[in-house]
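To keep things simple, chains are lettered A, B and C as they appear, and every chain counts its residues starting from 1.
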């Protein structure tokens, strides 16, 4: 029991740090994001705690905005992927056998394609923007969520008391609301938390490939991509965004693990 | 088994055809004009029209599709709009980089992950078991390109031990040179992959350790090693095999990022360029071959699972997985839960979406 | 058993990697003439045909190296005879007679004849040609071949730039096929192989008619981003980088005696192009106000540090009609405000800036946005792909303002075309551009184009933000490489590696 709550606590602290940074960035930033007055690639100083980028913009400011963007990406794509995926998953679980088979086969193939590939196609064609990245990642995620939902829902539906409820005339909306959702919810939430971290990583990769939104409203992936050319001269820009990404993703994963363990006491120490 | 193979093969072909159609339509729906990449500032209206005619962008979509598909039926992937090079041979050329990269990283990752995952589970109450588990947790949170950038900075730029990027001009003529070029990319991918696989191995071994059959086998007088050998490994390997299949497929497709870090002329970089240029024959070719590879890997993983786990041979077609697994088993990757790649089974960290 | 096998494979694999890591590249010291030069670039040819959308990369790799024209544009911007041994111009300036070099063979072994020259010129003029040079050769009415070594070109109107324009027309074997993926030129190198996405290698052509290349061959190594390219130079994978894309990495080379950094002259201008046909940019006052409100010096400094030049117009210093026009619309916020008020926009306005998504445009757009905010103008930055730019801005003229880099020399003449994407329509300028082309002396041509240049600056037809620097970084063992790279050409035949 103790280890489980420790996992959850550590995760919550890590996510909390990033969340707090993002919240603060809405009210206060060290410098205006596009202020280029800092001098090119200035080292860290009292005025610029993390130094400046290649145009002279304050790096700390950008990193703070990056926290905001990372959370937006995670939350946005989980919202899209979650809603779409759960709906699709429930639909297939209730569908006729042939439809279920067909959709499941399609989902299997979709899942095999990494989010990144789907996102690349969408973003490259429609132009790099945060919105299109979130949309693409959310769409790709929905296939995974749909499949999970379908499996879980089918299990619930095969239980004896559900069959009884069906026989006694409960219609499908009632089944979903009263029986299916409450039963599958804990597992789905844990999975969505993991998807959150994966979405953040996917967006970072996309930005790294030059398909993200450019500075000064840059994601950590874009900052890193811009800074890697000067890693020998000014390493902070290439190191700091990576560290922050790791902090956020580990934090989210730990929270997910902690939640799962709390929800399922039989899984001991499955970090 | 034979009927399984036939059914599985039919599924493969149908999926491939369906995927190609969907792909073709989706590409045409995306905004953009392939002729633009051929034109420069200063081109006249007539030149623009002629470039569009050259790439066939002025034809109706149906006609473009019929053209492409009839070529495909003759195992011809067409010719790039932009470079004028035949797509098939170019993909083959790119695979010379991407396939070794993926396979070497895969082998290296498995070699690291299997023992590490086993120890992390078997000694899960010792400090080093916990430490190994924590390191794998770190590994799955690190963006692959960041590891790449750090490795390049340290091993290539600072120590000048290995090339920072690129691939020998003569490919594998000089295997040592090719291996040197692939060393850092392989390690980069392997680190991330190993972290993820470690977690599955650990989870699967934990399941086996807590299982009734292991306990009863021990109770009947078998040593731990015997019991593990006779029952444990086989059972633990079933879920791990399906995960390995997924890891292999995602790494192959996700190679684009690591290829970009290391300037490798692989399949991923070909896709990235052709997407930017709206070079449809190239994009279609790469995605077709990728889909094919993914399906083959899935097929191999399923078949391997069946061979390892006799219980699955009895069950129905391969593509319908966990659903038929039935009720009761509410947790984790466990023996016999499914015949499909089970990325999304409840409660497990899911590498099935992104590996990058 | 399985496990042992796995372990064995693993040990083998790891030791192979380790072994590979230890065996360093052996840099064999050879005679300069036997050395192969490794050239790093970010401009890979899209294909190998410069009349079918090969792009900037095909000029860099093949122009002058594999293919030759009747004339050559030198690294300092002069036009010299190349495959044309000499030429005569008729008194009315409408007939040019070219006398070809003798003993020239194509890489396929075929002899160069006047028929090949006729074929090559007509290929550029053909209906399906996508050559950017097509319109500049429009005055040509016919090409005839009285004998094997003489070509006669007749013009419908005089064209003083004909020799210059012909320097971009590659002379190709008329029997050659598949020019997108192979070649048959007359240059000092022949194509060895093109591995798309990676390398293009050229080897010395034994049968070259002129002075042979001073090295055994060159390999162009292509990188999709500047970091990988610089890393290649730092790890000696390439000997020279044809053009640095940003000044950031230069610190690694400038302080290091193993490298030489040259700061040459480019012809690439970064433009803030207004749509001169739509409000509010149809008012000269508004355009002048914006030009005065943007601190080009600070912009250049932010992006290029101490490199690059301000020119104040479309004409780079290597064009004969260059004049420093930075004083026409000086950076002056008070003046800008006054001009805005005079144009009826005292309270400013809002416009959308269509910004290509690659460097340096997004960064430059940010700086422009903050400069213009100081005079009350709000900029909405709209990031677009090059593909969208070409469809939306270039073809449909559907934009208010945009940014674009114009890479060619002598392209001020675009302002004489009222149908061009920026919609600058000044009858006087159009007339001067036409007259300049029909001038009988270069002095006359230069005088007219100077008038064009001054006029477009006075009208602030666009805001010419700055001229890119042309920075070549090379190993200090290397000499004889071009430092200006006009129009991105890169003659490799004089490069010597010690």
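Worth pointing out:
Convention: a residue touches a chain if its C-beta (ideal position, glycine included) is under 8 Å from a C-beta of that chain, and two chains touch if they have at least 3 such contacts.
Quick caveat: nothing in here was measured; it's all calculated off a predicted structure.
When every chain is represented by the mean of its C-alpha atoms, the one lying closest to the mean of all protein C-alpha atoms is B.
C-beta contact counts were set side by side for A-B and A-C; A-B has more. One finds 40 Å separating the Cα centroids of chain B and chain C. Centroid to centroid, with C-alpha atoms defining each point, chain A and chain B lie 20 Å apart.
With centres taken as mean Cα positions, chain C sits 42 Å from chain A. Contacts with at least two other chains are made by residues 124-125, 228, 232 of chain A.
In chain B, the residues that reach two or more other chains under the touch definition are 31-32, 157, 260, 272, 276, 278.
In chain C, 225, 385, 388 are the positions where the chain touches two or more neighbouring chains simultaneously. On chain C, the positions that touch chain B within their shared complex are 3, 6-7, 9-10, 13-14, 16-17, 19-23, 25, 46-47, 49, 52-53, 55, 127-130, 132, 134-135, 178, 180-181, 193, 195-199, 201, 219, 221, 223-225, 228, 231-232, 234-235, 237, 385-388, 390-391, 394-395, 404, 406, 408, 411, 414, 421.
The residues of chain B lying in touch with chain A in their complex are 11, 15, 18-19, 26-27, 30-32, 124-125, 133-134, 137-138, 140-146, 149-150, 153, 157-158, 203, 206, 246, 249-250, 253-254, 256-257, 260, 271-272, 275-276, 278, 283, 290-291, 294-295, 298, 319-323, 325-327, 330-332, 340-341, 343-347, 349-350, 352-356. Of all residues in chain A, those touching chain C in their complex are 34-36, 40-41, 54-56, 124-125, 127-129, 210, 213-216, 228-230, 232-233.
Those residues of chain A lying in contact with chain B across their complex are 100-101, 104-106, 108-109, 111-117, 120-122, 124-126, 140-141, 144-145, 147-148, 150-152, 154-155, 158-159, 187, 190-191, 194-195, 197-199, 201-202, 204-205, 208-209, 221, 224, 228, 231-232, 235, 238-239, 242, 245-246, 249-250, 253-254, 256, 260, 264, 266-267, 269-271.
Within the complex formed with chain A, the residues of chain C that make contact are 225-227, 230, 246, 248-249, 251-252, 298, 302-303, 305, 357-358, 362-363, 366-367, 369-370, 383-385, 388.
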